[in-house]
Each structure stands twice: as C-alpha cells, then as structure tokens.
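Both of the next two complexes hold chain A, though its partner changes from chain B to chain C.
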Partner chain A sequence: MKQSGNVLSFLGIAILTLGISILLILMVGSNVNQAFFSFLSGIFGSFYSVSEVLVKAIPLILTGLGVAVGARSGFINIGAEGQLYMGAIAVTCMAFWLNDLPAILMIPLVILGGFVFGGVWSVIPGFLKARFGISEVITTLMFNYIAISIVGILVRTILKDPSSSLPMSAFLPDSATLPVFMSTTRLHAGLLVALISVVLVWILVWKTPIGYEMRAVGLNPRASKCSGISVYKNIVLSSLISGGLAGIAGVCEVSGLHHKLLEGISPGYGYIAIIVALLGKNHPLGVVISALGIAALQVGSLGMQRMAGVPTSISSIIMGVVVLLILARKSLFRRLLPDE
Partner chain B sequence: MALLSMKNICKSFFGKRANNRVCFDLMPGEIHALLGENGAGKTTLMNILYGIYSRDSGVILWKGQEVSFTSPREAIACHIGMVHQHFMLVPTLTVSQNITLGLREKGYPFPDRKALNATITEVSEKYGLEIDVNAYISSLSVGEQQRVEIIKLLYRDAELLILDEPTAMLTPQETEYFFEVLRKLRADGRSVIIITHRIPEIMSITDRVTVLRDGCNVVTEKTSDITEQELSQYMIGRQLNSIQREPIVPDAGREGLLLEDVSLKEKNIKGLDSISLQIAPGEIVGVAGVDGNGQKELVEVILGIRKQSSGKIGLDGLDMSSMSVLERKKLGIGYISDDRQQDGLVMDMNLTDNMLLKTHTEQQFIKGGLINARLVWEDTKKVVEEYAIKTPDLNTPLRNLSGGNQQKLILAREMAGDPKAIVAHQPTRGLDIGATEFVQQQLLQRRSKGCCILLISADLEEILLLSDRIAVIYKGRFMGIFPNTKDLNLSHIGLMMAGRTSEVREESL
Partner chain C sequence: MDSGFIALVTMYLIASVRMATPLILAGLGEAISEKAGILNIGVEAIMLSGAFFSFIVAFFTGNLFLGLLAGIMGGIFVSMIHGVLSIHCKANQTIAGLALNFMMMGLTSFLFLIVFGQTTTLPSCSVFSEVKIPLLSSIPIIGSALFNQNIFVYIALISIVLTAIFFYKTEWGINLHAVGEHPQAANSAGLNVFAIRYFACFVNGVLGGLGGASITLGQLGFFMENVTSGRGYIALVVVILGRRNPVGIFAAAMVIGFSQALQYNLQTLGFPIPTQVFSMFPYVVAVIVLFLSIGKSIDPSALGIPFERNKR
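Coming up: the complex of A and B.
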C-alpha cells in the first residue's frame, strides 16, 4: 500500500506535468504532436544532440552536487552561481599567470584553484552562519551579485583581451584547456571531472566519519552537539566543499567549453543546481540523474523551438511546475499516502 | 442520560489497532478518569472525540445527537474543550490575548481589551483560577499556564473539559490547588475527563474511572467501589516485579563524580547556584524537583554541553571542568537526555547510524579512514538482540520505532563500554510500565557494577524507588540532600520542591 501509493503519486505528477505542457503548447498555437516529436528528436535525434545534453549536464552535476553536500549538513547554499563565477575567475587568472606550466600540472592546479576560490566564496557565509547564526540563504545569494560583478570588472580591466573590443578575456593557453572527447562535439573532459567528483563525494558523505558527522549535523544539530560533534566545524567544512564543487563547475565551463572568461558565463546553472539537488534528494547519484534530466529538458526545448516554434521559456515553466508538484506531493496526494 | 457516549470506536495506525471497539460514557457533572499505560489508547480516543483524528468506525453521541468532528474548532463550537499535555499557548502574547486568540470578538479586529479582560477575570474568579490577564505567558510558571489553558476553555463556555496528564508537571501543592478547581467545575455542572496513569490522584478526585489496556476497554467502575490495587491490576494486566536495591558496596579507590560549587549564569539569569555534590561509585543520587528548576542546566553542565560559569567538575579525581563533550564522554560518562528525540537521537537516521553517534570516533570502527559498516552492523545487531529492541530491521529510521524502543537504543549506546558515570535525565518519561521497569533495572544493574548515577526525574515515586540519596532542586539550588530511608518526610520534600525550607514556614501555611 505504502509503496504503490508513492509510485501512484509520482505517476500523478508525471501526468499533471504532461497535461500542463500540452496546455502551454496549445496556448502558443503549436501542434502538440509535432512539438513532442521535435522535443524528443532534439534530445535523441543525433549524436551531437546527445552530447549537448552531457555538455549542459556537467556544470549542473557539479553545482548540484555542491548544493547537495551543503544541504546534507543543513547549509542551504543559494550561492552556487557566484561560486561558479569565482571558480571561473580562478582558472582564468591562474592560466595566464602560470602559462608556461605543462597541461599535466596545469589542469590539476586550476581545478584545485577553482575549488579554493569557490570554497572561500561559500565558507565566508558558512562561517557567518556557524559563528553568528546569520542566515546563509541571504549571504550566499548576495555573494552571487558580488562575484558576477567582479567578473564584469575583470573582463573590462586586467583580464580584458587587448585585441578585442568586447568585454572578455583572451583565449586560455592550450595547457589550461580540457581536452574534447570527439572533435565533432563540444563534449569535454569536464564530464570525467564531474563523475569523479560524484564518486568522491559519495565516499566522503556516506562512508567516512567526517561525512557521517556532516549528515548528523544536518539532520539534528542539537543531538550532534549533545554527542560531542562540533556543529561549527561541520558547517564550515561542508560549506567549503559545497562552494568548492561549484567552483570546479566554473573551471570546467571556462577551460572545457568557452576557453575564455566572459560575462554571463553561466545561464543560471547555480540556481538550477538548487532544483537539481532537490530533485536528486541530495544524493550524489540522484544529482547525476536529475542533472541529466534537466539538461535534456533544456536541450530538447531548443529543438522544440527550432522545429515547432514553441518558445524555450516553456522548459523553465515546466521545470517550475515539476518542482512545485514535488514539493506539494505529500499534501496533493494525501489520500494515497499513509498517515505520518 | 449520558452527556457523551462513544460506542465501539476503532482506529488503526499502520495496521496497528490503537483503539479496538472502545466504549466510553460520561455523565453530566462528573469527573471521569481515563486510566491506562502509555500506548493504551487513551489520548487516541480523546483525539478522535476532539476531531484531531478521524475514526475508522464507531459512533459518538453528544447530548444524544450523533456527532463527528473533523477539527477541534467544531468540537469547541459544541462546547467540548481539551487541554493538551504540551500547552498550546503563544509565549510572546499576554494571558488575555492568548485566551481570545482566534475569536472574533465584538469590535474585531480592534476588540475592546478592557471589556474582554473584565469578562476573563469574572470567569477566572468564579472558579478560583487567579491570573494576571496582562502578564506575558513566557513569565508564567507551568501551573499558571495550565490555569490559562483552562480559562481559555471556560471562556469558550466548554461544558466538557478533557485534560491530558494535567498533573504531570505540578508540585504536590499545585496539584491540590488544581483539584480544588476541578471540584468547583463539577459543582457548576461541568464535566471533566482526566487522562492519567497516576492512580492515587484518581482515587482522590474522580467519580468514575475507565481503564484501557492495549486499545481495549478493561473496566468502567465507580471510584468508590474500587481499590488502588485493583486499578493497578486492571491497568497493567500482570504482576510487576518489585525492585530490590542492595546496599552500596563502597569502592575506596575511586572518588566518583564530583561537583564543587558549580554555578551557571547565562544572559544574567542564574541557571545553577553553587551546586555541590559527590556521587560515590555504585550510588544513585536522585534529584527531585519541578521541571524547569535547573535540572536541564545541571546535566548539560556535567556533560559539557553548557559551560559552567564557576566551580569544578571531576570524575575519579580527574578535573574535567574544561573538557569538551567528546572528551568527557570518552572518559566514561553515559548520557540519557530527557528529550530523546531532540538531544539523544537523529530520528531520520536508522538504528546503525544512531549507534554511530557515539562509535564513529572510536578507532575500532574505522578502517582505512572509512567507517567499517560491517562491524557497526554487527554491533547494532548484537545490541538489538541484547536489549530486545523491537524493529523490523536495522535500516528502519528511529522515527518509526516506539518511544520505549528508542529509549532502549539510547541506553544500549550510552551504557556500552562500561561507563564510570551515567547522567539519566527523565529516563522513563513517556514510557509504558514494561519499558520503565526495564530502564530502571538497567540503572540498578549499572549501580551494582560500581557506576555513579545521577537520576533526575519529575516523578517523585521513581526517585524514591531507585535513589540512595535524594537532592531537592529549586531555582538552580539544592534545597537539601537526604538519605533515602523509610522515614523520609514526603510533605517536607514537596514543600522544598516549591521553594520552602524551614519548618516554621511550613506551619504558617
């Protein structure tokens, strides 16, 4: 009864989402069949389209993983976007500064640098929360604007490419770019970085005493304190890892995809990351699946716009609807689920 | 004719029968006790009446009419009111604001506060429920808060008052005062249902008593026609093992748990005031007192969860005044908190993870930097068998276990590795008699192994049953420490719990 109720409620969510999508498609005056066909072919239609899903999934996995690690210890990180930008700054600065290093040293160094920059950007709110009880929801969010503005300043001043009139940096030296898997696609080695991060985070959170403490603090800080676990230490640590992972996402975007620093390097990955973590239930594997799903939704909606004339904004609306339905699931489907 | 009659009420949670064809009748103007162990279905039955739970089957007749409330609001509209065990008051509002909360009185949303206060005072004076209507709830004692809850119901003209464990937090004197109020309510033709498991109180105040056991009716009888022994038999349904305490075996080599002049001052409020105490190995010292007189502060200072402002705390000659919680625990202090769900367990974690709360820092459970899951699993399995913890499997979140089984897991965890001292704060709160007995036996077993035990309980009977010495705490101070002998003056202890010390003042009362 309990299990089938759960399955039924998710089926209900799927049907409602589908219904709302159809309504939206009809509202913009497109053909529903054609829209769905173009959506699916936008994802699975070609080798390239599938690789595009993976390209989009890389930053979503990393930032989503970051948000999830934070959430495990009760650190609500709204600032993955800003931390991603900090990571992007780190990789760009380091690449120009250490430009004669070979790739084998450069790549690990810039990843580490991105981790540290992103981590610092999030450990400050983490410290403020742990030490003074200041809400990290506000501070991390505010830090986004600062980071984005810093990028804006940098690409117009010291990092500006002198040979171009646009506010962007020059191309990174080759040693600082991640290799592309297949020359016909944009899929780069950032995918490996993301997947390795997933495995490492999974081991850290689920297999080590440190991860255990972080989870315990997230679920019941009071009981943790009474058992001698330092709530302070664990919040600071998890905020560091959380921001660090988002920083690595910034590294991958710059050195894997754009090969330079520019304004608007992330179309809101850091915010979508919150949804990725939420849908993935803050579990590393869940994060991978939900990141792939959301990336596919975005890539598919591009196909839908190209071929059926349905605006891509629909994908954002649908994402919002899904999140709303998942959050409201327990009360919407109260009758199906057992009393709590 | 009965004022209220509930017939064949059934209610299941997760396939477990909480109420099984329960019948209950209430006459107008009677005080009726609903007696049973924890988990017998008393509160469930009343929550069904009050519209908090829906019943699976059965009929409720109120003044001869069939009713079925879907929310407390509807029950209150029919003049039925309930005071829950945990009060539903807003601490930052005044008494008067709390009483009229949710009512759209004349002039709403700008009611005439003076007129309302006059009405409230009229109601409260009628039943001897003295209260300052302009006081803030946060400044009131537990007894006064209870008065506010009752006035709240009377203000809404409740003809039936349901009181869930009303005396649990009161001193003996406050309880007597409270009974006076109940008698006045009865004289006024109102009916009262008291949910309780305290038999002596039933004998002194109620007209009739209904006993429930395992969700079923056992008996309904006039209180005057039944004895305490019979009631106890009905409630438990079996014979209790009586608890035997052997004399202490002194262990000269150990100093035990020592508190020297320990004080705690937080935000200019004195939580503890020069507490000195030495607990010998193999001794149980019970601390009696009304909840909120510094008990929580005392245990948390001993554990290092709060830092004392002055004084010294030591164990077996080792000064641990400035040690962290973890260091103290590693020294061998087991801690049973009064709030197991908040302080002792992570309710959303499973059994093995909750055992890890202590063992994740122990080297034997770590292998190559990783938690040795197999060993933890085996350790937990052993504990589950040894303490007979009822659980579907080791992966069940603690949330889904009963209170008794949750408490057993805490005991198992905190008593592992032969602790030198145990701080047990309300270790049997909310447990049924079987589980209570188990916990008490465990404490006595530790005592005979030379453990120093500090037992804090609001239940005076428990203190009397287990302690070698009894300390009475009031406003963070020890009013006195006595050996627990047969000729102990109980009323004396009761008065000390209420803050009175000298014999002279006792007589002048």
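Coming up: the complex of A and C.
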C-alpha cells in the first residue's frame, strides 16, 4: 500500500503537470496534438536534436551533482551559477597562461583548476556556515553576482580579445579545448567528464567512510556530533566538492562548447541545478536522469516554439510547477500516503 | 559649497531614491517575513508578478490606481503560494522560493506574449507623476529627493516608519519576533504561530507587489520579460545589509540605489571602468558586512524552519 500510494502521488503530479501544459498550449491558441508532436520531434526528430539534449545535460549533470553532494550534508548550495563562472574563469586564465602545454597535460590541469576555483567559491560560504552558522542561502546567492560581475570585468579588461569589439576573450588554444565526438554535432567530451564525475561521486558518497560521515551530518548534525563525527569538517568538505563540480561544469562549457570566455555562458544552469538535484533525490543516478529530463524539456520546448508557436517560457513554467507540486505532494495526496 | 556641487548632490539623491524605492518596499516585506521565520527567496517572483499585473491592468483600464491594486494582488498571490507551501506543507522554503522564481519568470513572459504578441515596440502606459509636498519639498538638498517624488516613494517612506513602529513599539511586533525566534515558546504562550506567519507572508506580498508595481508604474511605464532583472535578489541583500531593521533597510537600499545611479551615469559619460565594478559593489559590501557581523547572531533562530506543533 505504501509503495503504490507513493507511485500514485507521483502519477498525480505528472497528470496535473500535463493538464497545466495543455491549458497553457490552449491559451496560446495552438493545436495540442501538434504542440506535443513538435515537442517530441524537437527532442527525437533528428540525430542533432538528440545530441543537443546531451549538450545541455552536461552542465546540468555536473552542477546538479554538486548541489546534491552539498544537500547530502545539509549545505544548500544556491551558488552553483557563480561557481560555474569561477570554473570558466579558471580554464580561460590557465589556457592562456600555460598555452604551450600539450593537451594531455592541459585538459586534466584545467579541470583541476576549475574544481579548485569553483570549490573555493563555495567553501567560503561553507566555512561561514560550519564555523559561524551564517546561512549559506544568502551568501552563495551573493557570490553568484560577484562571480558574474568578475567575468564581466575580465572580458572587458585583461582577458578581452583585442581584435574584437565585443566583450569576450580570444579563442582558447587548441590544446585546451575538449574534442567534439562528431563533427556534425556540438557534443563534446565534457559528457565523459560528467559521467566520470557521477561515478566518482557515487563511490565517494556511498562507498567510503567519508561519504558516510557527510550523509550522517546531513541527516542529523547533532547525533553525528555526539558520535564523534565532525560537523564542521564534513560541511566544509562537501561544500568544497559541491562547488568544485560546478566549477568543472564551467570548464566544460568553455573548453567544450564556447571555446572562449563570454558573459552569459550559463542561462541559469546553476539555479536549474537545484531542481535537478531535487528531482533526482540527491542521488547521482537520479541527477543524471533528471538532468536529461530537464535538458529534453528545454530542447523540446524550442521545437514547440518553432513549429507550434508556443513560447519557450513554457519550460520555465513547467519546471516551477513540477517543483511546487512535489513540495506540496505530501499535503496534496495525504489520503494516499501512509502516516509518518 | 558652490551651487554646482549642491545641484549635483541633489541630482544624485533624487536618482538614488528612485532606484532605491522598489528595494525598500520589497526589502521591508522580506524583513517582516524573515522576522517571522519565513525565508522567501522568491522576492523576485513577487516583484515580477506585481510588475506584470499592475502593468496589464493599468494598460487596459487606463487607471493607474487600479493597476497599483492589481500589482498588490499579484504580489499577494505569489507570496501566499510560498506561505502555504512553507507553513502548511512544511516544505523547504528556499526551494519553494526558487521554484516560484522559475514559474513567475516563465508565466509573466508567457502571458505577456499571449496578450501582446511579438511586438517591435513595447506597449506602454502612463506612469505616476511626481507630487510636490508643500514646504517639505523646499528643504535644501534632501527636499526634492524625498518630497517631490511619485506616490511609490511616499508609500515606501511611510512603510519604513510604520514597520519601525510595528517592530519595536507594538505587541504585534513582539509576537512576530517571538514566532521567528522560538515558535514553540510562542505557541505555548498562546500565540497562533501559523496565523502570524501567514500574516507576515501576506504583508510580504503586499509590499513586494508594490515594489514590482513601482518599477512598471513608477519608473518605466512598460513591461518586458524579466523587467525586475534581479532586483528581487538585491532586495534579499538589502535585508541582510540592513539587518532586518527598517532604517537599516532604507540606508542599505540608498547605498545600492546610489551605486546604480552612478553606474548609469558613468555609462553615459563613457568612463573606461566596466560598469560591473559598480554592480558588484553592493554584494561585496554585503559580504564584508557579513564577515564583520561574525559572532553576533543576527538571524532569527527559527528562520527557514517549519513549525510543527507536536514536535520539540
């Protein structure tokens, strides 16, 4: 009964979401069938569109994984956006600084650099939370804006491409760019980086004592403290990993996709990451699935706009509504769920 | 001081107050909400909703006051969703606020496209004009900045005074503090924690909606996608900088308003400094203030924690 109630409640959420989507499509005056067809063909219609889903999923997997690691120890990371940008800064600076290194050394180094930059950007709020109890929600949020502003300053000053009038850096040296799998698509080796990170995080958080301590702190800090687990150490560590993963997302976006630093490389991936982690229940595998789902939603809604005239902002509405319904699930479907 | 300098200061003060007004309104609302223990990251959503509905109603009725009312309703709508989720459903308040931001960002631009379609020229409405207050507006320097402005500035100024009285001089204010600091104790003392928290959310909606309306009906006279452009997040920073104190919020909003006014001015003058230096400024100051306040507990202790009557 318990299991079926849970399944039914999620089914209810799916039906409600579908109903709201249909309502929105009808409001635009589009044909519902055509809209759904164009949504699906926007995702599965061609080889390129499927690869685009994966391209969008790469930063979502990495940032979502980061948020999930933080959430496991009770560190609510709203700052993945800023940490992503710090990773992007790291890869750009390092690529120009070490430009004569071969790719085999350069790629691991820039990934490490992105991890460190993103990690530092997140470990400061983590430290403030662990040591002084300052809420990480506001600090990580403020760090986002500072990071984005730093990118804006850098691409207008020391990293600016002198041969262009636009605020962006020059193209990275070839040794710092991630290879593209197939020349007709934009799908790059960042996907491998993301999947390797997923496996590593899964091992770290579920198969090692360090991960066990981190999860214990997230579940009950006081009990952990009483049994000799350092709350301070684990929050700092998980915030470091959390930000580091988001930093790697920044590295992948710059060296895999854009090949240069510019403003707006992330259309809010760091914020969507929180939804990814929530839908994925803070589990690495869940994060991959929900990142693919949200990437498909976004790519599909582009197709829906092209062919059925439904504004892409529908994907943002659907994301918000799904999360709100999930948050309200236990109250909405109280009759179906067993008492806790 | 020569008259040129005074004129410059006056000009900057007027611009700063205008920039600060939405921040003051939304910041005061958020402060009241946080005092009661509800951390609402969705200020941006509240303001967007206020901005959108105030514009739509003002555009179609031609009546700015009806627009203002619609803006308030729009704000309350979003804030109460957050309230129900965090009070009744005991959901994670941060994630609820974030989800609302996504939803309202999408919904306002979606509805705007449905109503007006793809247009090259933005549809516009009139804005509230300045109302000069006799005598007070002739005070040198601050007179024209504070007392020759539109209705939103006056609402903001009055709200500061009212919130200060409410926080520090009334029993209601003490109840609000109690609910945010120790809901269990407040409950034992016979206060209705849920009702007080809903009330705080309601006020947050009213003030945040006004803040959003002040952007469309007080400054711009039009609406576009993401018209608030992060002001809701800046309002959160204002609350931290001002330490949830109404006067502090006013000061913090003015500092940020000044840096924004300066930013636009330097942009038009063509200074070689990237404007990001100035847009970063409030956040850096807020981080420094946070560092300086280390050791002093400034957050309400029950901030962000749902209240469950039968739990300790």
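Following the convention adopted for this analysis, the second predicted complex is superposed on the first by the 340 of 340 C-alpha atoms of A that agree within 3 Å, B and C clash if a C-alpha of one lies under 4 Å from a C-alpha of the other, contacts with A are read in each partner's own complex, and residues count from 1 in each chain.
Rule of thumb we're sticking to: a residue touches a chain if its C-beta (ideal position, glycine included) is under 8 Å from a C-beta of that chain, and two chains touch if they have at least 3 such contacts.
Keep in mind it's a predicted model, so treat the numbers as computed, not measured.
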| item | value |
| --- | --- |
| Touched partner set for A:R306, first chain B, second chain C, both or neither | neither |
| Partner chain in contact with A:R334 - chain B first, chain C second, else both or neither | neither |
| Which superposed partner A:T208 touches (first chain B, second chain C, both, neither) | first |
| Most chain A residues touched (candidates chain B, chain C) | C |
| Touched partner set for A:I317, first chain B, second chain C, both or neither | second |
| Contacting residues of chain B [partner chain A, same complex] | 13-14, 303, 305, 324-329, 335, 337, 342-349, 353, 356-358, 360-361, 366, 369-371, 373 |
| Residues of chain A that touch chain B when the two form their complex | 203, 207-209, 212-213, 215-216, 219-220, 222-229, 338-339 |
| Residues of chain C touching chain A in the complex | 39, 41, 81, 84-85, 88-89, 91-92, 94-96, 98-107, 109-110, 113-114, 225, 230, 233, 236-237, 240, 274-277, 279-280, 283-284, 286-287, 290, 294-295, 297, 299, 303-304 |
| List of chain A residues in touch with chain C within their complex | 24, 27-28, 76, 78, 128, 132-135, 137-139, 141-143, 145-146, 149-150, 152-153, 156-157, 271-272, 274-275, 278, 311, 313-321, 323-324, 327-328, 330-331 |
